[in-house]
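In this document, chain identifiers A, B, C and D correspond to the written order of the chains, with residue numbering beginning at 1 in each.
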Amino acid sequence: MSSKVKTQSMISSQYQRENQLLAVWKRLRTNPGAVVGLIILCALILIMVYSVLFISYEEITVINSKNRFAPPSAEYPFGTDEMGRDLMKRIFYGSRYSLAVAFGSVFIGMVVGIFFGSIAGFFGGWVDNLIMRIADIMSSIPGTLLGMVIVTILGANLINLLIAVGVASIAGFIRMARASVLTVKSNEYVESARAIGMSELRIIFTQVVPNSLSPLIVTATARMATSVLSAAGLSFLGFGITAPKPEWGALISGSRAFLNYAPHLCYFPGLFIMLMAFACALLGDGLRDALDPKLKK
Amino acid sequence: MKKIICMLLCLVLCVGLFAACGEKQPAPSPTATPTVSTPPSGPTELEYYDELSLYILDKVAIIDAFNPGAQSTANGIYGHMLYDTLVYCNLDNEYVPCLATEWSSEDNKTFNFKLREGVKYHNGETFTADDIAFTIDKAKDAPGTHIYDRFNQVESYEIVNEYEINLTLRSVNVDFIFDISQPIAPILNREAYENDPEKGPWVGTGPFYLDKLVPNDSLTLVAFEDYWGEKPLCKKFVMRHIAEETARLIMLENDEFTFCDIGSVYIPQFENNPKFVIYSYVMNNLNYIAFNMRKPITGDKNFRMAVAHTIDREAILDIALDGYGEIAETGALWGYKTAYKNMDLPLIERDLDKAKEYLEKSIYNGETIEITASLPHTINSAQVIMAQLSEIGINTELNRLDAPSMASATAYDNNDTDIVVGSGAWTPMASSCRSFLTPGHNSNKAVYDNPEIVQLIEEAAATSDGPDREALYYRIQEILADDIPYLGTFHMALYIGAQKGAGGAAYFPTNYHDYALAYRIKNPQ
Amino acid sequence: MSKKSVDTAIKDQAVVCNDDVVLEVEDLVVHYVLKKSVVEAVNGVSFKLKKRRAIGLVGETGAGKTTTALAIMNLVPDPPGIIKSGNITVCGRDMLKLKPQQLEKIRGKDISMIFQDPMTSLNPVMTVGQQIAESVRLHERVSKQEAFERAIEMLELVGIPGERANDYPHQFSGGMKQRVVIAIALACNPSVLIADEPTTALDVTIQAQVLSMMNDLKEKCNTALVMITHDLGVVAKMCDDVAVLYAGRIVESGTLEDVFNNTMHPYTEGLFNSLPNIENRGAELKPIPGLMPDPTKLPAGCTFADRCSYATDACREKVPETRRVSETHTVACSRYDEPGFRIEGWQHG
Amino acid sequence: MLRYSAMRLLLFIPIIICVTFIIFALMDLAPGTIVDTMITEEMTEEDIEFLRSKYDLDKPMIVRYGKYLGNLLRGDLGSSQITGLTVWSQFSERWPNTMWLSLFSLMFGVALAIPAGILAAKYAGTIWDNITTAIAMLGLSMPNFWLGLMLLTVFSLKLKIFPAAYDGTWRSFVLPVVANGFAMIASITRQTRSSILDVSRQDYLRTARAKGVPERQVTTRHKLGNAWIPIITQIGMMLGVTLGGSAVIETVYSWPGVGYLMVEAISRRDTTMACGCVILTATAYSLVLLLVDLVYAAIDPRIRSAYARGKKRRVKA
């Protein structure tokens, strides 16, 4: 391919990609749900950045037994917990765990899922069969059980929680990737790519995957919502991040003992988990409509 | 129409949520001292409830004294009711005749027991010496059970006649009578076991027999008519396990539980509530901080002294248990109010400057110390300890393990933890010292290996009661106070909420409570 | 029910609607109101249809043919579309004034419709027989069993073996499906049948079969036919009268003879010129320049003016009024104001 | 049809065998073994050794797995290593609770979701559509244990209407069912809405109307007849997920279900129980999916004819 031709296709794809993103953004902006979702998510990310810069680990683990169980007040907007620590700071600090889990576990699920899914979809035959059987096996093990066992083996910290939740989502991504690759593969432009002598792998990752990206992005955002919830569930059962670190699921689990007269301990972390999952779900829907508008009509 | 339903639904939900965090009950004042209410006056001819119910901490999946999978503190509780032991040890540690009317031993090695006649098992069989022989034989090949720990020390037995038996121990043990007086050493029936392996183990000579067992959920016991001893004051006794604390407190409030443990946090709520009575007792479990003597940093005495001078026991107790418990009174590492406790050993008080001095002298320079804990209240106290240690610059990280991981992580040979925050039942008996202080035992979380201590413990186990045994124990406590492999923090106080007019339960520091004579008066004053 | 008895059953059905004009459309105007614009789909269409006759509505796509058909059945989807004015009488009753229940009685009984794409016109989860029987049960008080037998007869009538009545639509080919749709439409022997480009989606050979089958049924059931198509060949074969539609108005109508042999309107002439002439293969095709006007911004005056080679300034101001040139022939072109005006006419084969 | 179901169940066996192998391997990797849960204070070293040999813990994992597989193939799920009770007895005792909880939650979810979905589809684009979808979305994103705790606090702690734990009466079903069912509402509503919107754009509705079919009958027979299929699939998937027994809800309400049994089995390293639970739950799950497919075929002739020809092509969405 002479350089001139290459620049030509690059420019065209550049131009082509530009306005596609722009078009998606324009459609996204008009969808009220997606905008609300985006605002909430940005607010949470801002909170996380604020907590990274201004809230130190000591500050949220220092214990003063004087004002324990203080109800929400001006000084402590979310009240204080059983060890007199400011719940708001702890929740803000905890946002990094939930965000990490949301993005991280989906990243793991997506990368592994797409890789195997697209190979299964593209090559078919016994490769497809093998990978699909593995996916069946992984999906027949209940997600929480898998998560529990992984956290027990690797130990309870953020990375392992990420892996535990991510692994549970791999089967879903494999199927999704395979389905979209199968539909894309049947189109002509893949045949033409093969005709000009592209290698199989290059075809997969330059032609097939980009075009089957939109359903994957939609599943990814929806999956973020579910992984935030399953991470919180695992911590609630005691298989997540350990106590002093204020992970939202663990906060709720800890607050169970004081439900009777300090319900705010359970109320606010749950609210934030809900907001996070709500934002991801809304964004997922908004993206789904923005990426393939015919669904919207 | 459907629109209205939707709106109604979310309205109710929001109102409900706000109502939840609207009302406030008085937060507990940490300094309130626990008032121990005296049980109501002796029962004149009053009416009693027929059915009582109790919350038990453990899930009972199967009842079989010889099954290692069925061991838990609940064994003791239903043990008191289903079975009898040879000797009964009451609250003041006096030995009361039970299945054995008399017992004697010259050298604390061979014991002679005269047995009670006319005692019936639940399946109608009569109790004879042969049942003791059967129980000992079966116990000796069931390691991993409580009954094994009690009867494995019996080397041989000799049945003199139907109602008399001599037991010979492997080695002298002063505390043998105490050991077999525990409810976890019942005498079971041979015939019952042989012809019904599943329901056989339920058969005992106790005041109740087991009517129904729903695995991992509940036990239903019914009063046994021809019980040889004092008849129970209720017809039916249900024991239930409820996992969620809030749920069981609600059930206590709605009179679905007659007796139920209440967390220290909820005591004020039940304390000044006329509908309830609170019983409390202090467990002889000592909550401790164990330093891994084999690892460099925690093995360094200066580091341990620095930690000893930093921890503030009052604050730990306040946060972990809302102040409901007793701080370790002396430097001695011993059970709460247990015999042979050296009360005048000095307790190391909190002194941050001294702590910093020791820290300089120690080889510690900033490494992260891993604090391992497993039980819920130990995790809370670990967090408080971590906060206090950070005041003098020791960085720590909490490693929470579940029970099996804790057991394997702190196994004696490959214990890799730095500090373990735990709690252990410390009885005056040589066996419990042995399990905490001698090498090879799993409870020895400090991996403490001091030949002098081992030698002293063997001596104490052999000497009969009296001053020389006390001197040996004092000597052990002095060495421990100097070496500080363990640092005692506090003793937990446990509280049992009961409906007004309910009582008659004996609360033992070993947690094996005796509800055999529990009752509930119909309309208390 | 032998074949002969079927004919008698159908014949006495037709007697009900005896007056001569079966369908009359007067000055029909239909607009689609969208968010930012109004689509003037039909701007004043009028035509009459006598019993047992067939009229062809011809025009390019977007000329408002389908909207006219839907308006006749009063099936225009009401959120965007509104029937602004005009009245449609079917067997003497005005479709636009009737209440829905009454409408439902007429649809399928007196007038029924066939759609363009057979692939999606049948309910995939109901058997073919059921879908036909449903129409019969709606309009005649017959038992389920009788209705199903009637359905089998109709299937045989349209050339599908009766046993296949219990098959599902996905088990039929495109042509067969269209036959089923026709069977459904003619199940209750309506007086008027509207066919909205019934054979466009089929390939040529099947198209010929379906059309000849429709012709026989028309004769047999004495049904009047409104054939909507853009294919002049189909019109020539099937219809007695022709109406040429352009941008929602009938620009020329008349018998087959009038419109085919002495075409008067320039657009009709353009249509014929753009057809390949089999005899004179060498002849050069003369397609009509330009495109259909945007229905949301129709030009003033004659809507065909921009593309008409005979257009004068007058055409662009005045909306041409429809003038009756002969007993059956009408044309809407202002150029005929001048007495001697003639168009070249297309080269006859 | 029968041949197809038999084939699918047969295909299921190898999957289950791999699942048990994975669980055995994972449980073996986990720190601590079953013996560690039994160690009492006075036990000496050789007592522990004796126990380890009793549970074959001294032999490599493969030997234990071989023995377990041997029993499994003879249909014996083995017994819980801790209590000696057979896995089947413990599972079958708790299974009805989980099953009833899942079914009632599903009914609760469906009862609210279908009308909401139809409503949202009917008033598509208006504010009602947005409100119902927003509420449904809220249900999806609300952590069910948090909702459970809140309901527990409000309805049984403060208002004392419903009991807090499982006591066999229907009242103790209410709170867990609402907590569990709320999350299902979202996905079923969305599915109903989109499938109704899709179907109402189809041409055969116009044919029906042209036949003179009254509008009500058009909706019930033609529109809903076709819209059911994706909805049923969604409901089938939802049922499959909850049949796994949501350990979280069961912990909050002390519900003697299968989910809680699994959590218990893992925390006590009881491998046979954990494997047993997973096998039985996975079997129930696949039976449900098979049921959904059969219902699918009953409704959708296109699928049924695919069965008849034996070639079942269904690209998993």
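Assume a residue touches a chain if its C-beta (ideal position, glycine included) is under 8 Å from a C-beta of that chain, and two chains touch if they have at least 3 such contacts.
Since the model is a prediction, treat every value here as computed from it, not as a measurement.
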| item | value |
| --- | --- |
| Required minimum of steps from chain B to chain C, each step between chains that touch | 2 |
| Comparison of B-D and A-D (more C-beta pairs in contact) | B-D |
| Centroid spacing, where centroids are CA-atom means, of chain A and chain D in whole angstrom | 23 |
| Whole-Å separation of chain centres (CA-atom averages), chain C against chain D | 55 |
| Inter-chain centre distance, chain B versus chain D - centres from mean C-alpha coordinates, in Å | 39 |
| For chain A, residues that touch 2 or more chains besides their own | 152, 256, 259-260, 263, 267 |
| Multi-chain contact sites of chain D, meaning residues that touch two or more partners | 30-31, 138, 149-150, 152-153, 157, 251-252 |
| In contact (per the touch rule at the top): chain pairs | A-B, A-D, B-D, C-D |
| Touch list for chain B against partner chain A, complex | 17, 20-21, 24-27, 30, 244-246, 249, 263, 265-266, 269, 315, 318-319, 379-380, 383-384, 386-387, 390, 398-400, 402, 405 |
| In the complex, chain D residues that touch chain B | 30-45, 47-48, 50-51, 80-85, 90, 93, 112, 115-116, 119, 128, 131-132, 135, 138, 149-158, 160, 163-165, 167, 251-254, 256, 260-261, 264, 267-269 |
| Chain D residues touching chain C - in the complex, by the definition given at the top | 202-204, 206-215, 221-222, 225-226, 299-302, 305 |
| Complex interface listing, chain A residues touching chain B | 58, 61-63, 65, 68-72, 82-83, 152, 155-156, 238, 242-244, 256-264, 267 |
| Parts of chain C lying in touch with chain D, wherever the complex brings them together | 73, 75, 100-101, 103-109, 112-113, 115, 117, 120-127, 134-135, 138-139, 168, 170-171, 181, 184-185 |
